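Two complexes, one shared chain (chain A), two partners (chain B, chain C).
Right after this comes the complex of A and B.
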């Protein structure tokens, strides 16, 4: 076990920064009265390792808005067999969409991401990266490697702070090793007198802990927090399809939902996204991927007016099924780590644990 | 859903990034449907690009956005491909402004194709309405290109009025063929139209193709599909013999973004082609 003293922590972050890494750490927003978020850390910034963050750390691998590629309509270059065709440019959207005669379209991929250190994630945040890897960076499993995600993930070091306390919304003990989960982390930190104990999980973590800011210690880690536990969440994969058509049930449990989408934005594993173009003038721009939320009516709304998930109950049903049935079926993992952010942040007081317990009860009844 | 095609056409390394392409020709089909003939700008890609009937693609006008369409041309035609697009929203309106020479970008092909190999030696009945002919046009070209592999071919294609029927040149060719039983129909009588009049499902019932050793493929407006399925059922077609191709709102086209799923299956990758038997197994969220 290694140890780092409290006063050396800013030094540690500084050393990451000086080595060319972007550093993310939890920080209380000024004047927010206790709202902690993962933010890009700059020299001198305070960090908050005491409070639990309101939003997850997923921005580190899935930014709320990111560039997929840039595009330019440009003259020159030659070599285009069709460049002499001419033709009017597209009007109606305030520019020459489609290019002017003779212009060609150039598409430039987004540049690779710099190395990044995520400091002070919790086990539920780190585990979430592991869960997202199963879809976004898994050529053998999902068959997919997302270039942007993978570029960030490969350059990411995750330093996780184990929780010795929890609040009433935490329920990570319902999943695997809960709080003691090491998947997704390179290093696990434990609170200790005068500083933090540090344990390497990966080779990269081991190399970091060999650095001069850490010393060897005989101290042992403190006991970790035990959260609320719901038994049988794995069984929902097979049970939820049984109550799919029970609209009375879905209506009843989603009654209080106001479709604000906080549960999806705060969630460390919700990844559904939108894609749209952002223009800079009429000759260039970029295509962006942004966070989206399956709780929004427009999410599946079609141009014809048809919506396959027309009511809140349909959308809530999809959210629960995606997390506890579809994702486990397709990727072999539950799309939830029990962080409780959707519970703490819900303005209508909806508690996903109640919903899951009800679903377990209802599906046992119907089978 | 039965034949899953490896997505060779879209970049394995960066599947959300489209390839620049150029509009070769715009064909006005109806007041609100146009067919765009496109070619990839990269000569090697233009040459190697191939797809199977039923597969889809994403057409981008950079700055306006990207939408999903069925590839509507003959898979055997090399060097160019078609999307047939009905003007409905922001992107399709921008697409309708395009002219020959304009620059677009395309990701294709995606999704699974009609299981044409499994259909060899069988009678094929195509039932389509309006813009629903787009994917079936590609399928029909394929079947005609491999005519000896199939028995009787029947196509019933309907629209509200004669002016709403797409693919005029193709229809003339299809009508002239002796190895295709083709009926174009319109909903109600109309001066200048001496062809068949009647709703697509009724016309199919009148023609009454036998369900023996046959498959039926239907695509069109939801209301037409609903009645066509009833008619096919009445005629004795079992769910395993009936295929359709689905449309959903899509963004990524590669099974990630979370919009087009029917339960655990994604229309963009597990579909868009499904047999009725396969759809029965999936949650009813159409």
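Right after this comes the complex of A and C.
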């Protein structure tokens, strides 16, 4: 076990920064009524390792807004040409962008991802990265390999702070090893007298802990917090399809919901996105990928006007099914790590644990 | 509480449902509930953690006869919805409650940890069993409420921010908002929690055809979004404070509404949600230019 003293923590972050890494760390924002968020850390910024952040750390792999590429229409040259993107999709892309004959479409690829250090994530944040890998970075399994996601993930070092305290909304114990989970982390930190204990999980983590700011210690890690455990969540994968058509049930459990997108945007595992072009004038623009939320009506609105999920109850049903049935079925993992952010931040006081318990009850009734 | 339940049951006899609160919300405080039967109504409560404005559900329940438990500030939203002909007065039964001034539950949890036990018997407020000063945790809106016995008595940090904001220069305000909007994630909780934001799925901030606003999530788009939201609420905001309470990243949105409401009061001598027969100033079209004429 290694040890770093409290006063050396800013120096550690500084060393990452000086080495060319972007550093993300939790911080309490001023004038925010005590809101703690993961922010890009700059020299001198305070960090908050005590409070739980309101939003997850997923920005490090799924930025709320990212530029996929830029494009410019240029006059001259013969016909529509492209540069910077390979593969058969280019022709279709040029067509989709509607270049007129005699115009040349110039594609500017997104810049490469800088090395990034996520400092002070919790086990639920780190595990979420593992859960997302199963979809975005899994050519053998899911068949998907998202180049943007993958390049961020490859450039990412995750330093996790083990939870010795928790609050009423935490329910990570319902999933696998709960807050003792090491998957997704490179290093696990534990609170200790005068600083933090550090344990390497990966080779990259081991190399970092060999640095001069860490020393060897005989101290042992403190006991971890015990969070709420809900039994049987794995069984929902098979049980939820049984109550899929019970709209009275979905209506009843979603009555409180006001259809905002916080539960999805605050969630470490919700990954749905929208892709759209933002033009600057009529010659250039960029194709952006941004967060999107299944709780918004427009999410499934089709061009014809038809919406396959016309009511809030339909959308809420999808959210629960995606997390606890479709994703486990397709990717082999539950799309939830029990971080509790959707519970703490819900403006309508809706607790997903109540919904899951009700769903378990309802499905046993019907079977 | 039995009187409250009796009242709800009475109203249930002539409505499809009653909107109220149960004690079973996340974190152990009250949360909104719909009562359809007398048995369900047995779970009804009303206390200082009943912070939500239930009027937000009324436009969604059009066509049904609905009873609604309302604090004085919530009632203003109901009146404004009636004034705008969004809901039919004949289809609403209002159960007015004596409001003890509601708590800023988020501020309590921010200090004592999420889910800290809040107990309020009306005179003593306890958090995790320990007595605390109510003035520190009463919602800022309640300090300005003429119905509340806590009028001007709140000592909350949020109320201090309102005071500080008034004395900021335009440049300082610009700086302030740039900072605040930087953390907006465009989850639209401010919009969805607002009883007056009933455009629902045709909201200008999300339509794709035409594509009025950019789709990016950043401080610039957030600023645009808030300016649109605030402008669309000019003369319609009933100051219930739900936009700010709903914001998951703590953006003090009511500062914008407070400023605008003040301006509307000065310019038009109008406060939204007071008179169901009133003509909201920005919904009044008069070619003679006299907003108060009967033409």
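Simple rule for what comes next: the second predicted complex is superposed on the first by the 341 of 367 C-alpha atoms of A that agree within 3 Å, B and C clash if a C-alpha of one lies under 4 Å from a C-alpha of the other, contacts with A are read in each partner's own complex, and residues count from 1 in each chain.
What we mean here is this: a contact is a pair of C-beta atoms (placed from the backbone, for glycine too) under 8 Å apart; a residue touches a chain by one contact, two chains touch by 3 or more.
Quantities reported herein were computed from a predicted structural model and do not represent experimental measurements.
Once the two complexes are laid over each other on the shared chain, residue contacts for A:69 go to chain B alone; chain C is not touched.
In the superposed model, A:358 lies in contact with neither chain B nor chain C. Judged by the touch definition given at the top, the superposed model places A:206 against neither chain B nor chain C.
Legend: residue contacts after superposition of the two complexes on their common chain; A:300 is shown touching chain B, with no touch to chain C. In the superposed model, A:326 makes contact with chain B only, not with chain C.
Touched residues of chain A were counted for both chain B and chain C, and B has more of them.
By the touch criterion defined above, A:273 reaches chain B but does not reach chain C. In the overlay built on the shared chain, the residue A:147 is in contact with chain B alone; chain C does not reach it. When the two complexes are laid over each other on chain A, chain A has residues 274, 276, 301 in contact with both chain B and chain C.
Remark: chain A residues 68-69, 71, 73, 80-82, 85-93, 95, 97-99, 101, 103-107, 109, 135-136, 144-147, 241, 244-245, 271-277, 279, 282, 285, 287, 289, 292, 294, 299-304, 306, 308-309, 314, 318, 321-322, 325-326, 329-330 touch chain B in the complex.
Against chain A, in their complex, chain B makes its touches with residues 13-20, 22-24, 39, 41, 43, 60-66, 88-90, 92-94, 97-105, 222, 247-249, 251-252, 254-259, 261, 263-264, 283-286. Partner chain C is touched in their complex by these residues of chain A: 29-35, 37, 52, 54-55, 64-65, 167-169, 255-256, 258-262, 264-266, 274, 276, 278, 288, 290-291, 293, 296-298, 301, 340, 343-351, 354.
Residues 24-34, 52, 56-57, 106-107, 109-111, 113-115, 157-158, 161, 176, 179-180, 183, 185-189, 191-193, 200-201, 206-208, 211, 214-218, 242, 245-246, 248-252 of chain C are the ones that touch chain A when the two sit in their complex.
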